[in-house]
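Below: one structure in structure tokens.
Lettered A, B, C and D in written order, each chain numbered from 1.
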Amino acid sequence: MSFAALAGQLAEVGRLCYARGWALGTSGNFSAVVGRTPLTLAITTSGVDKGVLEPGHIVEIDEHGRVVGGAGTPSAETTLHLAIVRSRGAGAVLHTHSIWSTILSDAAGDPGGGDGLAIDGYEMLKGLDGVRTHEHREWLPILENTQDWSAAVPRIEATLREHPEVHGFLIRRHGLYTWGRDLAEARRQVEVFEFLFEVLGRNRGATWQP
Amino acid sequence: MSFAALAGQLAEVGRLCYARGWALGTSGNFSAVVGRTPLTLAITTSGVDKGVLEPGHIVEIDEHGRVVGGAGTPSAETTLHLAIVRSRGAGAVLHTHSIWSTILSDAAGDPGGGDGLAIDGYEMLKGLDGVRTHEHREWLPILENTQDWSAAVPRIEATLREHPEVHGFLIRRHGLYTWGRDLAEARRQVEVFEFLFEVLGRNRGATWQP
Amino acid sequence: MSFAALAGQLAEVGRLCYARGWALGTSGNFSAVVGRTPLTLAITTSGVDKGVLEPGHIVEIDEHGRVVGGAGTPSAETTLHLAIVRSRGAGAVLHTHSIWSTILSDAAGDPGGGDGLAIDGYEMLKGLDGVRTHEHREWLPILENTQDWSAAVPRIEATLREHPEVHGFLIRRHGLYTWGRDLAEARRQVEVFEFLFEVLGRNRGATWQP
Amino acid sequence: MSFAALAGQLAEVGRLCYARGWALGTSGNFSAVVGRTPLTLAITTSGVDKGVLEPGHIVEIDEHGRVVGGAGTPSAETTLHLAIVRSRGAGAVLHTHSIWSTILSDAAGDPGGGDGLAIDGYEMLKGLDGVRTHEHREWLPILENTQDWSAAVPRIEATLREHPEVHGFLIRRHGLYTWGRDLAEARRQVEVFEFLFEVLGRNRGATWQP
């Protein structure tokens, strides 16, 4: 698909995420692979209001994050997108920043094996790529937040290598990253995870009173 | 009503449920009876994003679930739709997959007589077919989730036979099924149940502080 | 204002309330005074989906609730609307049926003086007719639900007489009634009350953790 | 930018805030600087429904709050807007009145140094002007509500002087004030704060259960 076509689709995904409250205050960033040899990505520019995201807010970058098409500064988290595309062979990477992912990334913990959020037994999990039954346990690593993503890339690549089965990860108090073969799959996984975060989040502390 | 007309209405119901957050991530499926002799159903195809549901995403199937009109694979839960149409004489069957139905299907239990969710004393219950007073106790069976609906059909038909008064049921961590004489009635019942689930869900664990 | 104009405005109010989730499943009913001598009201008909409310779903009734214009059965709660118009001289009466009003009407109680919900100290209270400061205590009577509103009218008229200062009341597990000189004022009061119900409802059981 | 252009933008911001539930029941008021010498502001008029806010509902005022363009009574909180513009050199001032800001302004307290709400460690904080890292502690003063804003202005100016770093403040049970160099920045900060209020509010009293 051409850069122009992907830019249009990314803009639409951005407006949708904004409407749902998953990309308020210029948060969130979204990318899709334009070509593989050499690698180029369409990616949102920095500081744009996602509620009025237009194709003109999307730039094309090369594998080093340099702008090769369009005008603007690519997202500050561009290196993260490139790392995910390389590690996973993803065709699209979406980062949302919702209320519930922020809350859960902060509250959850896994005493035994590094921080992470486990979700299991829900039908909705079947919306994740390759999951065929609700009897599935999805585990999302929780990475510490940073302002230097270039320096953090080796850590993220190591996490993705150690956990080849994961469909996404959380950044502490910063939201969700997920990806897919194409934008439609990545977007579906955003909805799946955001739904499940809300289920888990609303369940916290509540006990049933018949 | 013709298949084409019902397909248009099902698409509209799907987009509405998506907008309310009751059919995210390609979840949810919806059907309506086209003819009785022989039985044919208009039903959503598998894996479609309900936010952009169009009549072209609806197929017509016969009583064995075989496609007889339109193109696509009918929902994996087609046998469930057919079982409900046969058991209840329903004209439309709607399956939503909301946050609150997922939570309540998991948390609720009825120690005395099988799992289920009881709702009583609410005015909103009068939105259910045949209910004339708020002094009504609705009880929704909770069925275990499965990936083999064909095998589960006898169990569901037995549940519907044993409880002829129910207007819907929950599937564990998977959402709501309800039905009606026509799409309008089924859709109204979806709204009634989703409203009541949210009331019950938000009441969990909360005590009033005057 | 003419019946036709009021019917158009009532339809718009209905669609707005539906969109906010305050009139799901055909719940809610809305009226406005067309003429005073003799008294005639424009009022929603029974069982209509408020999401697609059109002027054709509104009828004109006389002081006895008889249809004198348009086609359809007026709301089952017509006698309640007429009683409020007579007791208060209201120009418009709105009944919404939201999640939070349902929850609060059930949970709240006032051991000392009959059931009711007190709200005080909020700036938003100034959106109620005649309230000029946030240092105001609004008290909403909570009436028991019934299916025979004609028989309940004397009780409601007595409550309105005893509490001339109230701007609305709750019906147990059934929602809010409020009114105003005209539709704009009544609609503003719906928003004020629904906002405050949500504030009180979300505050239940929560303690601040700095 | 001309008064006409700013009036159009303010109307759009108002409708957006209404849609998000941050300006129900005629609450909320919004302004932007038209000229500096002499100072003139475009500001919303009093008692207007923000869901249908139009440029005709915006007036131009001088530094004393007198109307110099358009028709209508400027917001009762006009002196507050003028004080913020003078103290901060702001180009736009937005006051929203959301559920969560109302709740948090009431519940939060800071025993050591006057009432206020602290928010720290969230990525979303980087949406505030000049904040470059999530390792930031934002503190919002909470001011007591009043019906005499002219008399309260010295207190507010003192608070802004003592805390030159703040990006907004809360009024007890009355909502948020924030500002920016222009409307786009002020609006972004509204979204940032409302997001963070919801995160903090939903976290109250909840403990994680793995």
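The working rule: contacts are C-beta pairs under 8 Å (C-beta built on N, C-alpha and C of every residue); 3 or more make two chains touch, one makes a residue touch a chain.
Just so we're clear, the structure is a prediction, and the values are computed from it rather than from any experiment.
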Where chain A and chain D overlap in contact partners, by chain label: none
Interface numbering overlap (same over half, different under half) for chain C and chain D: different
Inter-centroid spacing, chain C versus chain A (mean Cα positions, whole Å): 44
Chain centre separation in whole Å, for chain B relative to chain A (CA means): 31
Multi-partner residues of chain D (each touching 2 or more other chains): 203, 205
All pairs of touching chains, each written as two labels joined by a dash: A-B, A-D, B-C, C-D
Residues of chain B touching chain A in the complex: 21, 24-27, 49, 51, 97, 99, 102-103, 107-110, 118, 145, 147, 171, 173-175, 201, 203-205
Touching residues on chain A, where the partner in the complex is chain B: 16, 121-124, 127, 132-134, 184, 187-189, 191-192, 194-195, 198-199, 202-203, 205-210
